[in-house]
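Following are the structures in question.
Two complexes come next, and they have one chain in common, chain A, joined by chain B in the first and chain C in the second.
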Partner chain A sequence: MAFFSGRDGSLYADGVKLARVSNWSLSSTVEALEVTDLGDDSRDYTPGLKAATGTASIFYYDDAPVPLLQHVIKTGPVTDATDKVALSLRWGDKKIDVNAIMTSAALTCQVGAVMQADIGFSVCGDYSDVVL
Partner chain B sequence: MGVFLGSAGSFELRRTSIGEAYASEIQSSDVNATTNRFSFDFPTGQFLTGDLLAITATDGSLLDFIDPAGWAVGGPYENGNWYIHVDQVGGITLHRTFDEAISGEAATRINLLSLNRTIPITATVENIDKRCLAQVTKFEINTERQAVDVTELGDSFRQQFSGLITGSGTLTCFFDYEHRQCDDGVSPDSELPIYLNQLILRSQIGSEFFARLTLVGRGLKPGGTIADINDSVWYDIQGLITNVAMAFEPTQPIQCVVSYVTTGEIKLRTQSDSGYLTLQQSAGGRIELEELENGFIELESFS
Partner chain C sequence: MPVAFPNLKPSARSYSPGEYPQTAFQAQNGAVTVVRFGSRRVDSTLELTFNNIADADASSILQNYEQVNGVWDSVTFTTATGAVGTAGSLAEFIEESGGSGLRWRYAGPPRLTSIKPGFSSVSCSFVGVLDGV
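Now for the complex of A and B:
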């Protein structure tokens, strides 16, 4: 038995561990499709589609956030073939592997703060692997 | 090793408006040549008695309502600066020295002449002299370095990165508002505590000031030798008054507690040599004084 904290966390992109990650988060949802009939006393649902989105913040130290940024902030079109990234969100011996497209990249350069990149992503298809 | 006491400290102020020029105009009816008093439209508290006010005619014309004798050299010109006394209804009289401006006596007023036109002007506070603030009982200065958290996933210990430096402090002094004859505690060239009450209310050109906070002044040092007599340590700061608090209580003297923050660089200076100046050139040795007209220190002989 053990607690997990940021000390146990890491983020991989296309099999390479990203440096200088200060946080990641993943939010998973399952649609609830209503199947309540006339005469029912309570609402009833059936599961619909799964979806997941997430965020990650990476300090802009050397090129640490570039592997993710380059799929959003780029010249030319964003394509399925070149810009879908295999992300692995890990903590301890647990992990969630997904294929995702980067949906946002926010760069902030601010007085009194270290520059960092805030990345948003949406999961494409099913999870590749889940170890909880 | 010595233990230093706060008694060696001092708080010197230099007035400023940080180059903020206030634009207005002087009309013929604004000048009273009989009482040597004039005015122009400015918010109450904008300019304070004792300010060295630089007045510039923005249309390039001459400030010829000021008597030629009131100029340092020649005159009139399109700009000049004088110490001002501001009365309770916003009337301004010009004076040659800070002490005269604080007193505001009719005898020391610079003569004014009638004006028959309107002169657009800008006015800035441009003092160059530092003056000890009177009645100070305590001051503090805090310098704080911001630490930016750059801890990453996987780290076991927090990592910090050096951020910006912030300075702030407080100053406590007994309240006083005028110089008096035979006054032991307040010399004629001291800034009075009421200036800080006035400064925070200066709405248009801000409440900035320059200050020198002496931590160790000249004189014999505890545990030191005669060679240390000129040693001194001080902070040079540009500050901004953020709060002036006063409490009125029977049996207690009225004190002003002034809070300030620094703006810009905080300079910690030390001087551990003698107070001699070294001249590189060997002829015509003299040092010009900024404060006095044609003021020089002549060197008799040197090598």
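Now for the complex of A and C:
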């Protein structure tokens, strides 16, 4: 039994481990569909659809963020066939595998700081694999 | 023979008791004369909404619509269905069971919205009709 920290984390895209990832995050939600009727004294809900979004921050060392950046900052159309990415968010022996589309990319280049790419993504469909 | 509404409780309800059949005439001096054609209110309205119900329950409402309108019948409610959450004389208004003589008919077809697999939302509108004998 041990705590997990940043040194235990990693991010894979299409089976390849990405280098220079400074952080990743995942936010998962389940819709609450209200089923309260006029005879109730308290609100009642039933589960609706699942959804998840996430972010990843990658230092621009060599081409480290390119595997994700190229699906947002590109010429030509963004398509399901070419731009849906299989992501694996891992920490220790645990992981969450998803298919995701990159929805945002922010590049920052400033004096006195290492250039970094901040990428946002939305999960498509259900989780491919979950080990918690 | 009136048909009972399916055993479902609505998420929301809106009711109006209707109006009295009359015509008002206003003279040039502002005086109003009302000719009343009947002593009973007519055309009460009831709107029921069923949010996020199982598809089987949504189907039962559509089947009730077919059953009632197929033979131009009327639908009844109780305090376990359309009048749930009301008590006393208010329940009699919602049910139109307090001697008003009105019968609930579907004002139009129910409207179904699919929410997610196996769940739908349905909205129904009814009008209280004073049937001629």
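In this section, the second predicted complex is superposed on the first by the 132 of 132 C-alpha atoms of A that agree within 3 Å, B and C clash if a C-alpha of one lies under 4 Å from a C-alpha of the other, contacts with A are read in each partner's own complex, and residues count from 1 in each chain.
Note that contacts are C-beta pairs under 8 Å (C-beta built on N, C-alpha and C of every residue); 3 or more make two chains touch, one makes a residue touch a chain.
These numbers were taken from a predicted model, which means no experiment stands behind them.
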Which partner does A:24 contact after superposing on A: first (chain B), second (chain C), both, neither?
first
When the two structures are overlaid on chain A, which partner does A:49 contact: first (chain B), second (chain C), both, or neither?
second
Now for A:6: first (chain B), second (chain C), both, or neither, which partner does it touch?
first
Let me test your reading of the model: by the given contact rule, A:35 touches which partner, first (chain B), second (chain C), both or neither?
second
Quick one: is A:15 in contact with chain B, with chain C, with both, or with neither? Answer first, second, both or neither.
neither
Using the touch criterion from the header, give the chain among chain B and chain C with more contacted residues in chain A.
B
Regarding the shared-chain residue A:111, is it in contact with chain B (first), chain C (second), both, or neither?
first
Show me the residue ranges of chain A that touch chain B in the complex, using the header's touch definition.
6-11, 19-24, 59, 61, 111-114
Per the touch rule above, chain B residues touching chain A in the complex are 146, 148, 150-156, 161, 163-164
Using the touch rule from the top, collect the residues of chain A that touch chain C in their complex.
33-39, 46, 48-49
In their shared complex, at which residues does chain C touch chain A?
9-13, 51-53, 84-85, 115-116, 119
